[in-house]
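Here subunit A shows up in two complexes: once beside subunit B, once beside subunit C.
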Partner chain A sequence: MLRKGLLLFMAVILCLLQSGCWDWVEVNQSSMLTGMAIEPGKNGMLKLTMEVLNPAEAQRVQSSSGGPPTLLYTMEGKSISEASSRMNEMVERKIIYSHIHMVVVDESIARKGLNQIIDVLQRSRFVREDVLILIAKDTPASDVLKIMYPSGQYSSWKLRMQIIHFYRSWGGTPKSTLYNYTDAILSEGREPVLAAISVEGEVNNSENSKDTTSSIPRAIVKCAGSAVFKEDKLIGFISVPDTRLLNMIRDKITGTSFAVPVDKKQGVATIRMDPIHTTMDVTLESGRPQVKLSIAGEGHVSSIDTDLPLDTAAGYRQLEQMESNFLNEQVKSTISRVQREFGVDIFGFGEYMNRHHYSEYKLVKQDWNGHFKAAEIEVSSRIVISRSDLKTRRLNKPDVGQ
Partner chain B sequence: MKTTRLQPFHTFTIMTVFLLGTSIIFGTPRLVEDTWIVDLITLIPSCALFMLYTHLLVAGNSNDLYSLLYKIWGRLLGQILVLGYTVYFLYIASRNIRDMIELVKTTLLADTPEELLILLFTLVIAYASAGGLSAIGRVAIPISGMVIFFFLLLAVLLGFSGSLDTERILPLLSKGISPVINATWKSTIWFPYGEIIVFLVFVNGLGNPRRFRVLGLAAMICSCFVLTFSSLLQICTLGKENMKFSVFALLDAARQINIADFITRMDALVAFIIFFSVLLKCSIFLYAGTKGAAFVFKRSFKKFTLPCAFLIGGYSILVTNNYGEHVEEGLKHVIFWLHIPMQLVIPVATLLLVWIRNLKGEE
Partner chain C sequence: MTTDEKKPSTDINMESVKEELEQRLGETSDLASVTIRIFGEAGVFSYLTSMTNTAFLMDNVIKPLTHAGSPLDKLQKNQWLDRIREQYLAGLTTETSNDPGHFTDLIMKGYAALYISGMTEVLMIDIKELETRAVTEPTTQSVAIGPKDGFTESAETNISLIRRKIQNPYLRFEKYELGQMTKTSIYLSYVDDLVEKDVLNQIRDKIQERKMDSLFATSNLDTLFQSKELSLFPTVYATERPDNVCNGLIDKRVAIIVNGSPFVLMVPSLFNDYFRSPEDVYQWFSFGVFIRYLRYLSFLISLCMPALYIAITCYHQELIPTLLLTSIAAQRQGIPFPVVFEVLVLEITFEILREAGTRMPRIIGQSISIAGALVLGQAAVLAGFVSNVSLIVVSLTVISGFVSPIYSFGARIRLFRYGLIILGSILGLFGIFLAVAFLLLHLSRIEPFGIPYLTSSLTKRAKKGERNAA
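Now for the complex of A and B:
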């Protein structure tokens, strides 16, 4: 009897111990951090702007009292970690870092090198590997988080959705998560790119929730192509169309639309490509890298301005030919622009060579970027256009007499 | 000695989970880039090592390590060696607990004091090992099921979230084959495969030496394939370069799981794997250790269970000051000062003595 009683007592004690109240946080005493902007502060310190969710107002559905969905707090510190752990100097709730969507980095910090800020993100067990790292172009990083939107969404959520959907529909922004950056930094023969964003309009007039009542947003954040890095230092930006081709060359695109010029005048045919794949082969011929890209894709016509006979096989062939030529030209010009302006391999040609022709790559490993500048590019594409939505030719009145 | 023999299937699962144990989490020591080749190659020497162990038993005509040592080395030396093995097993057990605590403290229960975690855990392993071999055998079945299930679930989820990129395996053997062979004999033979020597202590309960040999080899091959697969999974998810920097490679791989922004943060699966496998491993080591103490001091092994368990628990805190020391000790000093003598030198010396005695006996 005593033995049983003792066992019961122990079981109860163990149950109490198992409840895990050691690191409890009450929901109404905590608040989620959703975004972070990093700017240079005074005396070489980092200025951290944190976007903290205002639980009562975020995700509001019907009625709202008109408060802002998020609150911004600014703090300076020698490191991100220091500044963020001192956040409670001005915030009343315990901040939860696990749900951070993005880190916006100021251009000037990126030019000095991301190494000073990236370690805390990689090391922390709270920050997920798919947090977005964005570079604010021509605008202070905190401005990105300041803008309010009529839809009631907070900036980092809006921006995250925008980036995901822009990537899916047009491929105009590079994959820009923390993991992609780490991967590119560590990989042999490829330099990182991150998504660039910029603010258009007047930020000062859209920081207030009253300003969101207009149907024309006074300021809006838009994707501005990619930021090109050399090791961890920002060296420049490429445009949105170039970013799309970069994604295509790296075979990291889900679908996109090309406006292919089809006659001497302004006529274009818009072709929606889905899917599109690129395979590459990089070899060394007498010390000079030879890049062979072959693009294969399938698409459908989504608009056409000329009278191309899309009810015949010949018409399709013609259009396919035009698109192939157009793509070849575009890809070549994008690569040569990167070769000329930046001279760093963001396409992963070196990475491919390291993986598939290791013995050749060893010869050029020391100065791969130098060799990349001199690389010869050859592009071939095989485009199949399979259908043309609901109509065949462009609708027009047939000429009299034909 | 009571001989409650285990079913062959129980023996096989105990040994498989024992071998997978902590090495599935920490992965093959990342001394070279192509860890999965190391995993594959290691199978051959470690099978040879295992054959040596079973041959030792057959030649010595004995059914467990302790009585063999006692018989061959004589009273004094035999007792010293048995005590040496006892300490060795308890030491490995405490290192295993430390491994688990490192993972739990960094990922799950950062604020819970580790003393409490260790106390609760040692009570569980003490209870398991006090039940003897048959209890450990029974608990091994669900544990092996869970470990394999969670591991496969990780692989499937990683596949579905599109994180696997087989290109990352390339380039193969970029620094030649010799570093791979070096890594094999420097670490992987001794951990995890060499630790199978602990089973020699209770071959009696596992079946006769011949059956033990067949089951042991099967378990080694099985766990070799799982470990190779695990290495490949980590390489394909993280990449070779990235793996070098991660403390728990499988955990870092599991963090990549993201299916439609809905199934995410599967860290708990990895924690479960290490909980269960460390539970099994430690109770086996504790059981072997208490058997050794019981052999020397001629008492029931159950008398030693709780004190030894607390010893393991306490020592797991004292064993190292920080993670860096823990890893360095595990990869360098333990291998050269403990694993190689205990797993190779003493068995080989014993075998030589057995041969000499057999020859003398024939004359």
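Now for the complex of A and C:
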């Protein structure tokens, strides 16, 4: 019995020792890859800029030497996979790919097609589905990673937070993760959009950690609306306000504010909408798609420039009406701009038809984008303004001089 | 007192009694023999001064007997002993015996032997009085709210502590003697109409079959009640708290009291018992439940935490949120050892500290905490030998290990932890799952006295059985 047990024990230990530890990675001998920028290189190669974390600086737990939170390494290769697997040509540590936050793709590469880039991201077991795929507009993609920020924040983390919060507070950037891209590519009747970013200011003067001592950032990365794709090829950009309406039409918005013009002069009322929902119905009438959008939302007044009587229900009703009209107009103009300029359905009208009126969609399936261009749009809004922030009427002294 | 000189008038029987005693007990200094004269007859008292109270003997036994007149004259001599028992020693436990072996045993237990010449039997009077520790608060299982009494080394006290909590005619104490050298008395306690007869008989058999030389503490009995198969978890519950035992008795357990040990054993014990403290019931219900689940949680932490930490940081970095991994990586920069080594060294250091802390005299206990906390903890981190994260993980683990109300349970978990650490460091999460699966399999196979170890409570089990039968 004892002998048997001992033999079994030894066999188990042997198995463990034979197999074990092959993928052991010691944290202090490895580095996290947090961001990647892809640009065209020489001779048709890809130029990869890798943002590798310098953890002691990125997370200042102990006294730090003030070094940079990340280091950028540039590699050229025929494919991303080839270039990234040769990282140790320059880097002393093993690279951990699983914490990559974002992939910034240069505009010129995106115009040629994203498929070659997306494949490696989807295939790798380390890259998460929520990695952000961003398109650098009017700037080289690597510039986005070069800018340093105070308090040891590194570019990809800063940008990730920025995009998440901008989406939540205003809805000004589309959902732009690897998952969203794949989802759009695979769905019938909808073309992908990805978030566009651009750099403002002097990049060359913000690459040094000393440059972060100024309270005015010398260069900053900002959200620049959406990149519109046809299949996997970039065809153009839409602005931040249009992106917000795109999110709203697709019912993918959590909260936003509208500045509604309330009189002939410059007066506006700012309405914070939270929540706002859109339902669509797309049908085919004599070969032409009819899109009916109905927007329903609840909001409150966060500022107002005129003397609209917000202490009466009538005042609110007036404001609700104004906002509904404003929204209808805005939505129509955004859709018609997309119809006119790009002619691709990024709103998912075709997707809706495919799911709800399949027999009708079959007729237009072949050339949906062509039909989308000619689609007739009808928008109706039902907005409820439930309250104003602390005050009702704005401050004024009606009795002065009487 | 010294051994009395032999009187010329002593009877042959008297002679034989004394000889017998001397032969059996030898020249032990605590044996006292006092010659007295009762009703005109010579008599001798023999007792152990170390087991009895001499003053009590004088006041309650010798005085009444020597001051008595001689109303026994009319009686036959063989009726004397009965008369003495009824008239002069009423209220004391007495016994008559003519078997020298038996009355020597009784003398060892604190009886006084009275022999009056001409009698055929020896009268044994129980005058035992022992120095016992007062009933104090239990040291190993203290509660904030609830009864503060704890068992002592005296079995009689312990029995009384139980009896005064369960005033039920069905509460029984069965006496056995174990240990050929020590003749330690042990008591089985159970509530007759609740206990499962099957379990009780198994326990009786085990105690009767058991031969041992000496028995000083309940832990010697542990092995007796462990199930036959290898069991990594304790199946005998030792407690210092009477309320714990009473709860157990009501929940169909059998308690085993060993004279000389302040720990009372309860069998059969189940997995859940090690997470229950009587205090749970003394508090607000919701809080009691919360605390109980907290104990299960800390059991898991104590078992898996360091292994998970090693496995995840070494094999599965993708499971750690980025900022946390950054923080861990930042702290581990410049640490010369691999994580496993670091954790193992810290764990063993803590074990050494703990062992030193329990064994050393209480007065110098402070120096341990200074050396442990300052020198080992702070300095090791400052010097860059170990990282803060590892220290936090190991400290949390060690503290969680002490949460179980039963100390011996926590001690076992500590050993499994090392196994998990090694498996986790070789095979990663896969290894930990293997180990946990094995432990679960093992847990579900233990059946102390035929009752599955993972049963939640014996009462519920019985009710369920009744329902099934109906």
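Convention: the second predicted complex is superposed on the first by the 376 of 402 C-alpha atoms of A that agree within 3 Å, B and C clash if a C-alpha of one lies under 4 Å from a C-alpha of the other, contacts with A are read in each partner's own complex, and residues count from 1 in each chain.
Everything below uses one rule, namely that a residue touches a chain if its C-beta (ideal position, glycine included) is under 8 Å from a C-beta of that chain, and two chains touch if they have at least 3 such contacts.
Since the model is a prediction, treat every value here as computed from it, not as a measurement.
After alignment on the shared subunit A, the placement of subunit B and subunit C results in a side-by-side fit free of clashes. Seen from the CA centre of subunit A, the centres of subunit B and subunit C span an angle of about 50°, rounded to a multiple of 10.
Of the two partner chains, subunit C is the only one that A:Ile96 touches; subunit B does not reach it.
In the superposition on chain A, A:Glu129 makes contact with subunit B only, not with subunit C. In the superposition on chain A, contact is made by A:Val27 with subunit C only, not with subunit B. Once chain A of one complex is fitted onto chain A of the other, the partner contacts of A:Ser187 are limited to subunit B, with no touch recorded for subunit C. Of the two partner chains, neither subunit B nor subunit C is touched by A:Leu390. Residue contacts after overlaying the shared chain place A:Met1 against neither subunit B nor subunit C. Measured by the number of subunit A residues touched, the leading partner among subunit B and subunit C is C. This overlay, made by fitting chain A, leaves subunit B and subunit C with a least C-alpha separation of 6 Å.
17, 20, 23, 128 are the residues of subunit A that lie in the contact sets of both subunit B and subunit C, per the superposition on chain A.
Chain contact summary for the complex, subunit C toward subunit A: residues 313-315, 317-318, 322-323, 325-335, 338-339, 388, 423, 425-428, 431.
Across the complex, subunit A meets subunit B through its residues 14, 17, 20, 22-23, 125, 128-130, 179, 182-183, 186-188, 354-356, 358.
Residue ranges of subunit A in contact with subunit C, taken from their complex: 16-17, 19-21, 23-28, 30-32, 34, 53, 55-56, 58-62, 96, 98-99, 101, 126, 128, 157.
By the touch rule above, subunit B contacts subunit A in their complex via residues 106-107, 109-113, 116, 120, 167, 170-171, 174, 239, 241-242, 255-256, 258, 264-265.
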